[in-house]
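Two complexes are shown next, each including subunit A; its partner changes from subunit B in the first to subunit C in the second.
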Partner chain A sequence: MNKNGPLEYDYSVSKLFIMNALFVGTIGMLVGVILAWEMAYPEFNTFLGEDLAEYTNFSRLRPLHTDSVIYGFTLSAVWASWYYLGQRVLKVSMAESKILMFIGKLHFWLYFSASAVIVLSLLMGITTSKEYAEFEWPLDLAITVVWTLWGASIAGLVGFRREKALYISIWYFIATFLAVAMLHLFNNMEIPTMFVTSPAGETMIGAWWHSVSMYAGTNDALVQWWFGHNAVAFVLTTPIIAMVYYFLPKESGQAIYSYKLSLLSFWGLMFVYIWAGGHHMLYSTVPDWMQTMGSVFSVILILPSWGSAINMLLTMKGEWQQVASSPLIKFMVLGSTFYMFSTLEGPIQAIKSVNAIAHFTDWIIGHVHDGALGWVGFMVIAAIYHMAPRIFRREIYSKSLMNMQFWIQTLGVVLYFTSMWIAGITQGMMWRAHDEFGNLAYSFIDTVTVLHPYYTIRAVGGTLYLIGFVMFVYNIYKTTSAREVEEHELQNASPMGA
Partner chain B sequence: MFHWLERNPFFFALSVFVTISFAGLIEIVPSFAQASRPLVGTTPYSTLELAGRHVYIKNSCNACHSQLVRPFKSETDRYGHYSRSGEYAYDRPFLWGSKRTGPDLMRVGNYRTTDWHETHMKDPAAVVPGSIMPKYTWLYENETDVETAYAEQLTIAQFFSTPYNKAIPMKDGTSKIIKMGDSIAEAHALALDEAKAIVADMKDQNIKDTVASGKIPEIVAIIAYMNSLK
Partner chain C sequence: MDIAQLQAYGYFIMTAALAIGLYAYIYHLYSKRKDADGVDYEDYSNMALKDDIADTPVNATSRDKKYRDGTKKVGEKYE
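What follows is the complex of A and B.
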């Protein structure tokens, strides 16, 4: 390595994670689309025949969808971004240290192998039932190792850094690492049953992977939603903010609007987010004061969330023509807008009287997806579009394909959340409707059959989003052999072919 | 201060950790100090019921069915008494669910019968026209994993003092004993006894024959679990 020349960043680990994000993203979204059609047309549950029905029916596939898009697609993209921008903002190259490179590669391959086992185990029905923490104890241990390796990579790059001040993105990566580590460890406290001995002296009884939760009933729910809510926060929010704080200024050539606003949003988010988990258990058997805290903090959460979103949007101040001219900027600006929208909708649903109608209905599914498809999905897509020309040193294959993808996916998201709003509120109102004599006005099945049109619209919306995603994967695939770019270090706007 | 933190990663990380820990300490720890105790009349799951609960989890029934009746008239009219914390004392894990694509099942044992479940799981739309629940045909073929349920019973009896083989006071002043086997063979025998009581109310001759031969199909276990939800 030339000691006096410019730093040469090494993107080999980043590249692996990008490929995984594209691969698992396609699979995870495809499973989601299958689920959507199964809800609209139940006969679709046996689409591979009666013999395989056990593995293709809605309930068995559902955790596979959620886990693959959260931990497969999103985390891969987060790590691709980490191994890309971590080097750049800390001014240290992965190529400078054999150990860091080894940790990075090991991180990827262990993660990849664990993911493969997770897919199989979920298909077999091996699950703890806890949402987004379905994995049994051997996999929980594997996840802990993978996570620790990422921690080692952060510690390594930060330790060797030449740029002394940590950039905002690094704050969010560090927060993500710490919070998820804490949540994962506490939520997965479980006792493997393989260690017990029967009074007759028999050992190794039953399935070796089985375990029992350390917590029971209400306590178990409390820990699970402390985890569940914040897994959303620290996998689907903070690392995505880390990404946008780097990629938006880089792509647009604009400086972040306000340092103070980023400070306020960061520390505000850190303090407030975790409290809000209680809003998943309103009107349940957890103590009332905890439910109220969950509600109140959810509303306060609007402040730090909008702080980040406004900081993003105002970064484009004076440069709004870029939104019209660049599909890449379009993805980021609409993504930030969806973030604002989703972080307003969430607190509304967390208000107790609204939650009484919204809870258990499709409105919640709609909320999750305007965040996941509109915010996370769009930001990940934008990040990969920005990284690809720099990693492969080639221009993005097609700008018009990108534009088409943008509009198809936007239409998909809009169809998705509008249909789920109507479905959720309709069902919530029908459940509680009484007739003039005080009897329930509708039997449960009435409130199911009425949803059929909305389930169909949702499935169409999801399918459009998937089509857009396949166009994205194709565009990136073609980028690897597109026209080479001559500049050594690309500035700002990513080069795009027609 | 913030500028200083941004140059000192260790203290930065420490500050983040302290900031995110507050909520957990204040919201969760007090609830644990006051561990949830069973309501009078709440009993642990028998071997077959627990095996049925595993079948429920294996098929992610909780993806579409809640087990939490909220304290609203519309819910108590539909599902029965609202849920109380002590009723969940033996639920590891809890199965409240987060989506009601199908109805709540917290007290399904009060208003559905063995016979109903047997017909319903085979073809839900035949029993409830318009139902979007898939057919669970494999439950009639797969064999129940009694041993894992037994291992779980041993574990919870040992670690959480779950009262198996002990007299548990009931609401009417009597007491009830939930048995747990002393060996795998005994656990199998107990589960089989429960299964025989269930299949007496079932129609499917194959299932009856299978149980008579000493094997328990998953459908029998999950019905035992459903019937226990009251």
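What follows is the complex of A and C.
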């Protein structure tokens, strides 16, 4: 910062997180596409040869895909947004505090280093076998430190602020921080096996990094899915709502349709979401009342979710021509629509009778991906497109490339979830079909044969989305050397080259 | 009364209390329309729209108000 010049926002930490989101997003989605082709054509599991099959098979790569897109791509974009819009809505610059800047940079570099070790550990097959929480105890401790640093950054910027009230996005970021801290700590209660065996592993029970969960059996499953579903809630939903509540009004120049609705949707979501995880355990050994509670709260969840989604869409009231003219607004409006769509689909799947068909089928995978690709992916892309011109002081390299990317990715998402709907319901119906004596009508391999075309369509859909993402990365890369812009061009609609 | 019944009553009472609390909050928001500082809730949307560092805050912190009453220029130094 120029000591005598006017104070400016400092985006250096935000820039680091954006770079990481672009890098890890590309890798994570590439791995996802590889997995989709492996599902369609199993021989592809050994695409680097039999010797390397251990590293290329589905089961080894799967957690690498899920963890890198959730905790690598999405979290990086969430943090890039925090370090960008946190300053702006609180009207305080990172450049005003050396300590905050140090915390921000330490936050990034520790996160980056821990992520690198996580990638290696997953590739080596080191895992606790808890879905979305596969990391062993030393990494869990590192994650705790990284998370605490983010908390310190929030507390610091909020404590330093010029705006007395906290903008709605800040509430969502704080909710994300608190909820994930609690989820991470409770789900990862584990005992390193070295305390009961030898660290060197002579007892053959395990290496020094190995641990076992403090919970057992049904309790373990229940805690795991309380965590699992709330990871969706507080990593893939609340921080993304924080982003859309800032980027959509800012890019369109429109005030939020109803600020009051944003507040009550926030508290509604906080109240309801935390109870919904039980729907992952329907027809299992967890107590029946807990399953019913999971179902009921999942259905009620439609209300606060749609409260936010409708608020986002109505923010465009009277300005719908912007959806046609700006690809950036297109991404956000379609993202909000996908949010509405997947928050209706999820509750439907959580109804017990529907779940009897949907559980363990590809419909669930379809649901996850219309949310992740349509809502999270599109919102992250829009957020980075909005931030890039402001961070680099240059116009977005190409509007037509953006438009092309939008349509390619939309087609990809549609192919993905429609194929998984058909595959999932086909699976569910075939698994339960039986003759008049109760004998199952089909064997498992019958379903595999029937599903093959849909798996191929899914892989094509995923490939299209990845192609769009590479176009996005290229567009941002070229933005760093595009035409320089004046301050007034950055007020609302982002400047774009042809 | 066994533990399961207690859980059930507790669960019902808590759900009802939280639902009443949420509806009371909605009623409060729409009937008062303004917060304790007299700022219309809808004006808070401007925190995103007018977010340059030199823009006037919608509702400045008491510390910031000192800098805005003329003695010190906004955007120069703030501690």
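Here is the rule we go by: the second predicted complex is superposed on the first by the 477 of 498 C-alpha atoms of A that agree within 3 Å, B and C clash if a C-alpha of one lies under 4 Å from a C-alpha of the other, contacts with A are read in each partner's own complex, and residues count from 1 in each chain.
Rule of thumb we're sticking to: a contact is a pair of C-beta atoms (placed from the backbone, for glycine too) under 8 Å apart; a residue touches a chain by one contact, two chains touch by 3 or more.
In this text the structure is predicted, and so the values were computed from the model without any measurement.
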Dominant toucher of subunit A (residue count), subunit B or subunit C: B
Subunit B versus subunit C as contact partner of A:Phe271, first or second or both or neither: both
Which of subunit B and subunit C A:Lys105 touches, first, second, both or neither: neither
Partner chain(s) touched by A:Ser258 [first = subunit B, second = subunit C, both, neither]: second
A:Thr361 touches, of subunit B and subunit C: first, second, both or neither? first
First (subunit B), second (subunit C), both or neither touched by A:Ile445: first
First (subunit B), second (subunit C), both or neither touched by A:Glu50: first
Which of subunit B and subunit C A:Gly125 touches, first, second, both or neither: first
Contacts of A:Lys164 with subunit B and subunit C, given as first, second, both or neither: both
Which of subunit B and subunit C A:Lys250 touches, first, second, both or neither: second
Common ground on subunit A, meaning residues reached by subunit C in one complex and by subunit B in the other: 164-165, 263, 267, 271, 293
Subunit A to subunit C touching residues, read off their complex: 6-9, 85, 88-89, 91-93, 96, 161-165, 167-169, 245-246, 249-250, 253, 255-256, 258-260, 263-264, 267-268, 271, 289, 293
Subunit A residues touching subunit B - in the complex, by the definition given at the top: 38-39, 42, 45-46, 50, 53-54, 57-60, 62-63, 125-131, 158, 164-166, 171, 174-175, 178-179, 182, 186, 191, 193-200, 202, 205-207, 210, 212-213, 215-224, 226, 263, 267, 270-271, 273-275, 277-278, 280-281, 283-287, 290, 293, 297, 356, 359-362, 364-365, 431-434, 439-440, 444-445, 448-449
Touching residues on subunit C, where the partner in the complex is subunit A: 7-8, 11, 18, 22, 25-26, 29-30, 33, 35, 37, 39, 41-49, 51, 53-55, 57-64, 75-79
List of subunit B residues in touch with subunit A within their complex: 2-3, 6-7, 9, 12-13, 16-17, 19-24, 27-28, 31-32, 35-36, 57-64, 66, 68, 70-75, 77-78, 83-85, 87-103, 125, 128-138, 145, 147-152, 154-156, 158-160, 181-184, 186
